[in-house]
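One chain, chain A, links the two complexes that follow: it is found with chain B in the first and with chain C in the second.
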Partner chain A sequence: MIELRNVTKSYPNGVHALNRISLSIEDGEFIYIIGPTGSGKSTIIKILNGEEVPDSGTVVVDGINVGALKHRKVPYYRRNIGCIFQDYRLLPKLTVQENIAFALEVLGISKKKIRKRVTEILDLVDLKEKARAYPDELSGGQQQRVTIGRAIANKPKLLIADEPTGNLDPEKSKEIMELLEKINAMGTTVLMVTHDIVLVEKFKKRTVTLDQGFVVKDSKKGGYVSL
Partner chain B sequence: MFLFLKCLPRLFSQANKDLKRHFVLTFSSSLSIAIALLMAMVMTVLAVNVSYFTENIEEQLVIQVSINPTFQNDEIENLQDELQTIKNVKTIEYSDSEEELDKLIKDYGETFAQYQGEDKNPLYDVFLVELKDNAKIEETTSAIQKLDGVMEATYGTSTVNTMVQMFSGLRIGGMIFVAALIFLAIFLIRNTVKLAIQVRKDEISIMKTVGATNWYILFPFVLEGMLTGFFGALLPSLFCVLGYTSLYNALNGTLMSDMFTLIKPYPFTIYVVLMLLGIGILVGMLGSYLATRKYLRWTR
Partner chain C sequence: MKRILNLFLYELKYAFRGIRKHLVLSFSAISSMAVSVFLIGCFLLIGIHVDHFAANVQQDMQIHVVLDSNLTSQDEIDSMEKKIKKIDNVETVIFSSKDDELELMIREKGEAFSQYRGQENPLSHAFFVVVKESSMIEETAAEIETLEGVDSTAFGGSSVTELIHLMDVVRKAGYVLSALLLILSLYLIYNTIRTTIYSRQDEINIMRTVGATDSFIRTPFEVQGILIGLLGALIPFLLVYFGYPILYERMNGVLFASLFSLIDSSTIRYIVGFGMLGCGLFVGFFASFFAVRKTIKAKR
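Up next is the complex of A and B:
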């Protein structure tokens, strides 16, 4: 359960990224956040994963007041949140399975458990036969699936996807969407920031439209509605 | 803590991998540290030896108080009591003119034997006064000079005094120099680790995204810095043990005269080596901490 109440954030350069935003997201929901560049989408992500602190208002994720988190506690909070990015951010010198295992190694999980979990994930993202391949040997869609695998390796409650289909063609985008829906069906809340109108129209979900730091539309039915 | 122990092998292998990855960089910074520590080592050895000389010389510093020869025994005792009341005085030893002559003959040869015998002895009876604080030797001497019945109060020569002062100056100068070199070494390691961080920037950002704690990210870098410092300290350590020992043997343990006795190489060099290794590791730790601190801070 995510609850944003009157969240305001402005940057030192004077940009008001968010203006008194209130939003609540239930567990297990799939939600799009759309809007033009500079509408505050990235800021919402940064606030949710603890990178930025709101100037005012409260952000509560799963009972944790994110804005009030101590520096020391941020890494532990981060473990509840999986992040995927437009540019994949895989380690080029590690194979697919090593990339996924890396996220678990960092948390000090035993090798046996890591191996088991990596196999599960490779199965889920359908990359079993590519387990020993390096990222540059994969297509964009496959790389993005590895990123998704890495993000959900630790079984986070919330998956944040920052334009996951930004670099992909429609066919591959559809693949990624289906994977995200599968993960969502397993109980993970998915929050997806996107520009891709076609996808929003095709996979209709709750859609929040941001513009200049305000929520201008919150449609439960979904679909892109021109302002 | 348990997590820490479990992660330890992985963190060590990470640091090892890093060291190999930029071997040239590590090697050059190790070498620079080695040179800095080498100079620091030479300065330390010099400073410690100089202070050892000073102690030796200061131990030999004695005020010689010549007593008026007309004084009788009870008057001499009175004088001794008076001397005792002077603040800086540690011990007073009485030595009559014959003993003094014997000493003279022993030190400078039989030519002085001609003065032996009643009435021929030109020397005075003396008190040999040792001081608590040799730095105040001049004040104390002039205080003794004013006492009744004192013919003369002298201590060695003024050259001894200037030498003592020069040595202490040298010691302080050496310490400042060593401190500057250590500062330089910290700076060198900081830069090395900064470059290592640049190389692994992507990895670090991913680690942060998936929720690695700061110490987990930091530890390999600190380890790397410590190892660099340690390697840097090895060379000067070797120089210290071999170089100082052979110098000591070549000079037969003294420098020019018996007044400058060198410190025995064992266990002295062991202490210096431990100090060098300690400084190397500490400097490495500090340098890499300074380098990582900025990069690993949460931007919130």
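Up next is the complex of A and C:
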């Protein structure tokens, strides 16, 4: 359960990224957040994963007031949410399986359990044969699947994706979408920021449209509606 | 408990991996550490030697206080001793009877004086006064000389006082220089380690987004810092450990004169050698501690 109440955020350069945004997302939902560049989409992600603190208003995820978290506590909060980024953000010096294992190692889980879980995930994201490859040896779509694998390794309740298909061609984008739907079907809430109109039309979900920091449309039916 | 052990093992794994994957940077950090620690070791070596020399010279520094020849009774001698002891800079006062004085004179000036042994001894009783602060010896001698019953005072002379003043200057300059050098090397190594950490700023940010705690990120860097510090200090340590005994043998244990005797090898190995290892460990740990802390705090 995610609850944003009157969230306002502006940056030091004077840009008002979010203006009194209120939004609530139920467990198990799949939701798109769309809008033109500068509409505040990425800021919502940054506020949800604790990277930015709202100027006013509250963000509550699973009963945790994200904005009030101390610097020290932020990593513990992040363990319950998986993050996927447009630029993948894999650790370059670690192989595919080590990257996925890293998210479990930080929890102090035993080697044996980690190995088991990593095998499961490699199976799920279909990267078994690339387990020992380094990120720079993979294509964009493969790297994105590693990121997804790492994000769900700890079985988070919420998966947030910041333009996960931004750097991929339509064929690979479809693959990623199907994977995200699969994860959603397993019970994980998925929140995806995108400006890929084709995807939003094709995989219809609840769609929230942002413009200049305001929610201008919240359509349960989904699909891209021109402003 | 098991979880903490697991975490620590993973942290160690990443510490060694960090060194292996950043060999060039680690190597440059180790070599700058080696140079700094070597310089610190040199100054330490010079510093404790000057101290040692100064102590040697000061040991020989005492004031010879000759009493008036009419001052003979034990009471008078005792009260004289008390008076001298009251003077600020006086450490110890040793009585030397006129017979002792004669023997001393015979030893120094020759057997010709032996004819004065017995009743004929023309000398007076005297004291040897050891001072606390040898650079003040001139003033103390003058003060003793003003006392009633003192005939004359003598000490090593102005050349000795000059030497002592010089040593004092060298010692103070040495301490200031080595303190400055320690700060400089701390800064140098802090910067080297900070550069290696800055080049991995992205990695650190990614680790945080995946849920790694600050200590999980920090510990590998700290372990690396300690290893770099120890490895860097090892080279100068070996130089001193095996090099100093050779130097000591070659110089026959002295520098120019027996007054400047060198400190024996085992003491130097212990103080300078382990001092340098300690320096490496300390500097390596704190440099990486501060550098990585700053980097982690950069983003929420």
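By definition in this document, the second predicted complex is superposed on the first by the 227 of 227 C-alpha atoms of A that agree within 3 Å, B and C clash if a C-alpha of one lies under 4 Å from a C-alpha of the other, contacts with A are read in each partner's own complex, and residues count from 1 in each chain.
As a working rule, a residue touches a chain if its C-beta (ideal position, glycine included) is under 8 Å from a C-beta of that chain, and two chains touch if they have at least 3 such contacts.
Because the structure is predicted, anything quoted here is derived from the model rather than measured.
**Student:** For the overlay on chain A, clash or fit between chain B and chain C?
**Tutor:** Once chain A is superposed (C-alpha atoms), there is a clash between chain B and chain C.
**Student:** Look at A:105 in the shared chain and tell me whether it touches chain B only, chain C only, both, or neither; answer first, second, both or neither.
**Tutor:** A:105 contacts both chain B and chain C.
**Student:** Figure out whether A:79 sits in contact with chain B (first) or chain C (second), or with both, or with neither.
**Tutor:** both
**Student:** A:89 in the overlay: touching chain B, chain C, both, or neither? Say first, second, both or neither.
**Tutor:** both
**Student:** Per the contact definition in the header, classify A:123: touching chain B only (first), chain C only (second), both, or neither.
**Tutor:** So A:123 meets neither chain B nor chain C here.
**Student:** Could you tell me if A:27 is touching chain B, chain C, both of them or neither one (first, second, both, neither)?
**Tutor:** So A:27 meets neither chain B nor chain C here.
**Student:** Please identify the positions on chain A that touch both chain B and chain C, taking each partner from its own complex.
**Tutor:** Chain A residues touching both partners: 49-53, 71-72, 74-76, 78-79, 83, 89, 91, 102-103, 105-108, 110, 150, 154.
**Student:** Going by the contact rule set out above, which residues of chain A touch chain C in the complex?
**Tutor:** The contact residues of chain A facing chain C are 49-53, 71-72, 74-76, 78-79, 83, 89-93, 102-103, 105-111, 150, 154.
**Student:** Please name which positions on chain B make contact with chain A in the complex.
**Tutor:** The contact residues of chain B facing chain A are 3, 6-7, 10, 202-203, 205-214, 216, 297-300.
**Student:** Which residues of chain A touch chain B once you look at their complex with the stated criterion?
**Tutor:** Result: residues 49-53, 71-72, 74-79, 83, 89, 91, 102-103, 105-108, 110, 150-151, 153-154 of chain A touch chain B.
**Student:** In the complex of these two chains, what residues of chain C are touching chain A?
**Tutor:** Going by the criterion above, the answer is residues 2-4, 6-7, 10, 17, 21, 203, 205-214, 216, 297, 299-300.
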